[in-house]
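Here come two complexes built around chain A, the first alongside chain B, the second alongside chain C.
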Partner chain A sequence: MSALLEAEGVVAGYGDIEIVHGFGFAAAEGEVTALVGANGAGKTTLMRALAGVLPLAAGALRFAGRDIAAARAHARVEAGIVLVPEGRLIFPHMSVAENLRIGAINPRARRDRARTADEVYALFPRLAERRRQLGGTLSGGEQQMLALGRGLMAKPRLLLLDEPTLGLAPIMAKLIFSTIERLSEGGLTIVIAEQDVGQTLGIADRAYVIENGRLALAGAGAALLDDPRVKAAYLGL
Partner chain B sequence: MRGALALAALALAAAALPAVAGDYHVGVGLGLLMYVALTQSWTVLSGMTGYVSLGHVVFYGLGAYVAVLLWGEAPLAAIVALAALAAFAFAALIGLPALRVRGPYFVILTFGLAELAKYVVIVVEGWLGKFSRVIFGAPDIETLYYIMFGLAAAATLMTFLVRRSRFGRGLLALRENEEAAETVGVPTVRFKLLAYALSALIPGAVGSVMVLRQTYFEPAQIFDPVVSFTIVTMAVVGGSEDMKGPLLGAAGFVLLSELLWANAPQLYMVLLGLLLIVFVLFAPQGLSGLLPARRRTP
Partner chain C sequence: MDALLSGQLLVAALVTGALYALTALGLNLVYGTMRLLNVAHGDLVMIGAYVAFWAFTLLALSPLLGLAAAAALAALFGLALYHGLFRRLLAGGKAAQRLEANSLLLFFGVSVIVQNLMALQFTATPRGYQYLDTVYRWGNAAITGNRVAAFAVAVILCGGVLAFLRFHVTGLAIKALIQRRDAAAVVGVNVERVQQLALCLGFASAAVAGALVSMTEQISPFMGFPFTIAAFVVIILGGLGNVTGGIAAGLLLGVLETYGVALTSSAYRSILVYGVFVLILLLRPQGLLGGRRIVR
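The block that comes next holds the complex of A and B.
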């Protein structure tokens, strides 16, 4: 398996406050790569830097062999890196259908947007039922489906999922996890940052533990699940 | 379809006005078309992106200044076009730093920028030894009226086209949530800058026409903040969610001010202030939002 995304020595933060102090990892093509760690460890900052919403202070970033460290967010979306942000950030005053349509705004995705929308509706029948409803009136779980669907509308090669189950009811979180597995089985490369360490490691091919903005531990998802340090720190066992 | 017919009827009436009305009413019509052009342009930036400009007079003033400097040196059509381009270029230049701030900061910045430009022009005119300029041989009001008619029509068409485009959808997305727009792939920096420059283009041309109408250039009078305030008021009263908002706002406002000036000049500002408050509180979508709307289909 070759790496679709390679990050080396990534440094990122806000103004003078550095949060990620030189983090490196690789996401292999077709795999689910998990970034786990406590709140405040730097997962969201790292995800935003990968998507280009936040500039890199230092470090290297390669996507499909291309250097993308300096590329702006929209150029990365066009290249195929799509972030589903923490807190979902759907467009509350737009309908479900309009939200999805905006997702396909990059030129590469625009041509196929009708067909992609059908695929998203097939994946989340709930969204199809509510396609005319305003995004802001959906439940939390439905909003997460919409955010995920909007991300898929951009036709990603690499999907970055930042806390996709945060604040969701357990049954909804389960649905989101099973959807992620389905997408992965379909061949999509996924990087997921999650606070639900147990479930995340369960679906991850490879996982990286981030602590205070630095790499603490890396390994296969299943192996980390059995690692005593992970058990003690994140699973409360 | 009904909307298109109404628009065509309005355009026809506006085009026929100089043939049937005297100079006074053509003057009122010119003022109305001017505000249609200015308010439509303003909505391309402020209506669509939520970046509210309280200094749009700067583009109007700049266009007027370009016209005064070039009058007698270049043909009328070239002057109007250059005034528009100057405003466009100026907006593109200042937009990059200005659009980095949002919300109330952007509002204050645009207001301050217009005031700054006014005083810079005053200083420059002082160096040149000119404190006001009189324009000789300006075109007659009918000519200016028809140019303004073209500008108002162009601005209306522009807002219509922008709303239907990928560009327009990107602007609406960034108004809702700029970071989300960025993550879905909207080139936010480029789109905002283009919206700002487009919103300045026609106001520059409008300024050049109006200074020729006034045949007199005095910076403090041309860079009048009341022009900026009036644009915002019209957009609030008329609505800025579609192209009929600015038409309704400008028409309602100009008619009302004609009536008030004639009948109760001392109440003019009081009533306008009240009107603005009523609309902000009870009809935030403006007159256009009060009309029975065709259901938008996604």
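The block that comes next holds the complex of A and C.
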């Protein structure tokens, strides 16, 4: 499998505070790649740097063979890298339909907006029922569906999911995980950062363990599930 | 008491309110998308008024055409400020964090310089011109044609901007930036371009308001300050960054001010406006309308 996204020696942080200290990984086309690690390990910081919302202090980023390290966030969305951010970041005073519409703002996605919206509503019938409701009045699970749907509206080639089940009831988390599996079966390339290490490794083709902003361990998802170090540190076994 | 019930006063209140709404709309767009406290906003009103005045007196251009020139000039001024100054300040990490506070001082400086340059160059003498001054009557209300025109243009432009924000995807992007700057970039909004657009639109609407004011009142280099104050009162009344709320609040302030002055005297005009301001800050800092503060 060829790598759709390749990151090498990524350094990122906030002002003078460096959080990610030279992290490298690759996301293969059509696969689910997991970034797992404890709270505060630097997963979100890395994801934001991949999406271009945080500047890269150092390192290389290649997407579909193109150097994108210097591209701004909107240019990366247009290229096909789409982040579904931690905390969902729904536009609170916009309706569900408007949140979806703005998701398709990049020129590549704008043309097919109506058709993509139909697909999203088919994937999440709950969003279709609430299309006129304001984003800020949705429940946590509905907001996560909307954040995912808004990401899909951008017609991603690579979907970056940051903690998509954070704070959700178990039944809702299960629905989100099964949706991610469905999207992956449809051929979408996915990078997922999660604290729920067990569930995530279960759906990941390949996984990277991040500790204090550095790569600690890498391997096939299933293999890491059986790794004694992962079992001890993250699965409580 | 009869005067208070007359249509005359209501018409005057609506005209003032519509001009406040248009002025404040611009301030709201600039504050909402860039977090810049533009205390020189009223000076753009003044510049717009002078552009229309000169277009009328020197070029014999109708103020309704002069306002297009005023809008274009103010938009260009906005672009120049953006590229000369704010682009770098907004991009840089540390400077960007202090920008909201620093912008206050910066624009205060701009305001003082612009006012004094205008006074030096063109004297502080109030000026005016006669345009559409036929008086129309409906029942007991009498109104000059220029006021009808100013009201109509302000209402059409406010409505147009609201419709743009609601129905056009770029308008939606402006709202996205106002509501959640972090998420706007994430979904693919070209933040820099939208900020430029909002700045141009914001400056232009102030200048247009000024051109409309020049049709109905005398203008001077120092006419801007009361508009700055009124615009800030209006956007705080309507909820910062809440464009629809701001338009409603503009009309409300026009009514409060006009009826307040009618009940007291014009000497109380500023006291009334500041009074409203202080009352809101004390009682409802999140704004009277809309209730909830816009989530940043």
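In the analysis below, the second predicted complex is superposed on the first by the 237 of 237 C-alpha atoms of A that agree within 3 Å, B and C clash if a C-alpha of one lies under 4 Å from a C-alpha of the other, contacts with A are read in each partner's own complex, and residues count from 1 in each chain.
The rule is short, and it goes like this: contacts are C-beta pairs under 8 Å (C-beta built on N, C-alpha and C of every residue); 3 or more make two chains touch, one makes a residue touch a chain.
Quick caveat, the model's predicted, so the values are computed rather than measured.
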> After the match on chain A, would you call chain B and chain C a fit or a clash?
Replying inline: clash
>> Let me test your reading of the model: by the given contact rule, A:G15 touches which partner, first (chain B), second (chain C), both or neither?
In response: second
> Should A:A58 be classified as contacting the first partner (chain B), the second (chain C), both, or neither?
Replying inline: neither
>> One more residue to check, A:L83. First (chain B), second (chain C), both or neither?
In response: both
>> Just to be sure I read the superposition right, which of the two partners does A:N106 touch: chain B = first, chain C = second, or both, or neither?
In response: both
> Which of the two partners, first being chain B and second being chain C, lies in contact with A:S95: first, second, both, or neither?
Replying inline: first
> Now for A:L215: first (chain B), second (chain C), both, or neither, which partner does it touch?
Replying inline: neither
>> Just to be sure I read the superposition right, which of the two partners does A:R132 touch: chain B = first, chain C = second, or both, or neither?
In response: first
> Where on chain A do chain B and chain C both make contact?
Replying inline: 51, 53, 72-74, 77-78, 82-83, 85, 89-94, 98, 101-103, 105-106, 109-110, 150, 154
> Can you list the chain C residues touching chain A in their complex?
Replying inline: 93-94, 169, 172-173, 175-176, 179-180, 182-183, 185-191, 294-295
> Which of the residues in chain A end up touching chain B in this complex?
Replying inline: 51, 53, 72-74, 77-78, 82-85, 89-98, 101-103, 105-106, 109-110, 131-132, 150-151, 153-154
> Okay, in this complex, where on chain B does chain A touch?
Replying inline: 166, 169-170, 172-173, 176-177, 179-189, 298
> So in the complex, which bits of chain A are touching chain C?
Replying inline: 15, 51-53, 72-74, 77-78, 82-83, 85, 89-94, 98, 101-103, 105-106, 109-110, 136, 150, 154
